[in-house]
Amino acid sequence: MGGWDGLAIMIAVGVGFGAVSIFISSFIGPRNPTPEKMAPYECGMPPVGDARERQSVKFYLIAMIFLLFDIEIAFLGPWAMSIRQLGWPGFVQIVVFFLILVVGYVYVWRKGVLDWGPEHDPDYVHAPSPGPAVIKRYRYGTRN
Amino acid sequence: MTFALIPLSHFLILSGVLFAIGTAGVFLRRNLITLLLSVEIMLNAVNLSFVAFGRQFGTVDGQIIVFFVMTVAAAEAAVGLALVIGLFRHRESLNPEAFTSLKW
Amino acid sequence: MMFSAAFDAVIPVICLAMAGLAIMLAESFRLKNESMPLGGLAIIGLLGAGTASIFLWDRNATSFGVVTADNFALFVNLVLVVVGIFTVWFSSQTVHRDKIPAGEFYTLMLFSMVGMMLMVQATDLLLMFLALETMSIAVYVMTGIRRDQAQSTEAAFKYFLLGAFASSFFLYGIAFIYGISGSTSLDRVGSVIAAQSMSGNPMILLAVGLLIVGFGFKVAAVPFHMWSPDAYEGAPAVVTGFMSTGVKAAAVAAFARVFLTALEPMIAEWAPVLWAIAAATMIVGTVVGVAQTSLKRMLAYSSIAHGGYLLVGLVAGNDVGKAAILFYLAAYALTNLGAFGVIALLGTRERANDDLRDYAGLWYSHPALATLMTICLLSLGGFPPTAGFIAKWYVFSAAVGSGYYWLAIIGVLSSVVSVFFYLRVVVMMYMSERDARPVPAPITTIAMTGLALTVFGILYLGILPTRLIDAAQASVATIF
């Protein structure tokens, strides 16, 4: 079993401690349930409504955009590790890479995906609500 | 390192099993999100083989490939989730059986 | 010069990417009802890519060791540029009519074309995978670009799910190739496979099989074709025209590059498999196509069958076959773009008007459109004075030249059967009287000019094909 003994002992101790604790507490603990005790604990507040309510679609949008930009950061790590070998060409490449991402970011921002407020233009069906600057210009008709 | 004890074939078998699980999931599961997850499992199974092969050759190529595959997987997941939201708005359901306006 | 020669081979791609980014920025700063000439920007990018491809001809430039600009890739690049230009051309009318978000549409189109071109130019399997995904992801979104239509969104999801499924198979194939050869570069893979002659190795057979599955999905070959009728029917007609030509051209070209360079030593192993797939694709595409009542769905099955004819050229594997693939791609792209252009122009915002019955009496309401559609359909069916005839004849002669008589016979028979359903539409257009139906918006001169140009191309290639055939032969002579 080579070097695996230690791992096996650690797993056994970990699982054993948990199992023994649960077993002992259910065996010797007192048990007199009341409705308050059976309710889910929410920081001392009485729980309201069902936990499975629908979330605003904005959460999903933010999650998706985070996912995309987060993954791009993964390319920054290897570049940072080898920054000296890559030198200026590497720097230029990473800057170009990020400029392309910035275009995507500008698009997301101007389309208003990052607006969390309730402001929303229901007429604009085919895209998420436009960004604040667009709304302001649209409303007051000022063009700069 | 104790890891050197694990032969390449074990990684490949694990990767094959994961890939099969993902494939089966695409065909058997009845929830759009789970279908997406199954495809992700398939991609990650392939990632495992890449890393295993890379370790076998003693180069980092395999891991570099995995970087790119992860990026692709993220982009795919984003598009997939957006399409799921779009579908849900039309049908109020995540069951693929509900989507029948086209012959399958 | 800041751009050294290292960048030569990617200049066409850079043109498209820059245009795509410019459109994305313009769309970001567009006011709500402001109209911008975004299609014009797209055309500029496409023309830039086309010009760069012409200038790179015969130069055999390579970039970064993974991108090549050999004549084979440049030929397909030019076909793709034509596809892009005509897509923008026809969309000029339909984007406004269907309230398709124009900025997103053109950006996605250009980004997917970046993927297509890179896929054709890639000499490294990893880059090929990335390009395939760039292309596919953009096309998934384009399929579902009409968010107000449940059908469009549904088609996009089906396409997405099966496409993602197929690309993981493709990637698994690459993983095994990498495991065998220690590299993803096509040159290295080819030399390793040739040197070790490990045709019996189960891992290499598995890898080849997985790659066939991946490519088979993208070219919609039977039995991996299930997605294509749904995706083609659900997508807006302009997008269908784009993806049935562009995606197919890129996928077939990459298929040919991988299987005729790196995997050439194993031709004895994969040729029988592709033989069966090509035969099944031609038969199923034709037979099922006969039973369709929607013109878009019928053309989807016809495009499956055309994928089969393209695979015949690949199976033949000789010089004639390789050139035939290129010529077929050009002829097919023009023809299909024309046909889907007509469908796109006849639709209205509420109804796609793509039932066969909607074409009854088209000759009496739109004589010009009916004539153009007739020529496109005749070319799809392979009638003599059109490009489709020359393309099919060329492919089948390649098959005969390699001794695949049965494949050629199956191909000829299925073309004969397919003539039935193309002619059914033609007969419908001329014979029956048109009854009351939603009338499409008047066709603009610009769109008509575009259609007329595709048809001119079809007839030109059908009557004077030698120049393009010579170009195709020249471009396969330098590689492979």
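Note that the chains are named A, B and C in the order they appear, and that numbering of residues resets to 1 at the start of each chain.
As a working rule, a contact is a pair of C-beta atoms (placed from the backbone, for glycine too) under 8 Å apart; a residue touches a chain by one contact, two chains touch by 3 or more.
None of these values were measured; they are calculated from a predicted model.
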- Across the interfaces B-C and A-B, which one involves more C-beta pairs in contact? B-C
- Message: Suppose chain centres are the mean of their C-alpha atoms. Which chain sits farthest from chain C?
- Response: A
- Task: Starting from the mean Cα coordinates of chain A and chain C, work out the distance between those two points in Å.
- Result: 38
- Item | Approximate Å spacing (C-alpha centroids) for the pair chain B, chain C | 27
- Query: Quick one: chain A and chain B, Cα centre-to-centre, how many Å?
  - Reply: 20
- Note on the structure: Multi-partner residues in chain B (2 or more other chains touched) are 75, 82
- Contacts with two or more other chains occur in chain C at residues 147
- Message: Quick check on the complex: what are the chain B residues that touch chain C?
- Response: 12, 19, 22-23, 26, 32, 35-36, 39, 42-43, 45-46, 49-50, 53, 56-57, 59, 61-62, 65, 68-69, 72, 75-76, 79-80, 82-84, 86-87, 90-91, 99, 101-104
- Query: Which residues, counting only chain A, touch chain C once they are in their complex?
  - Reply: 100, 103-104, 106-107, 109-111, 124-127, 130, 134, 137-138, 143
- Item | chain C - residues contacting chain A, complex | 17, 21, 24-25, 27-29, 31-32, 99, 101, 147-148
- Query: Can you name the residues of chain B that touch chain A in the complex?
  - Reply: 2, 5, 64, 67, 70-71, 74-75, 77-78, 81-82, 85
- Going by the contact rule at the top, pick out the chain A residues touching chain B in the complex. 2-4, 57, 60, 63-65, 67-68, 70-72, 74-75, 78
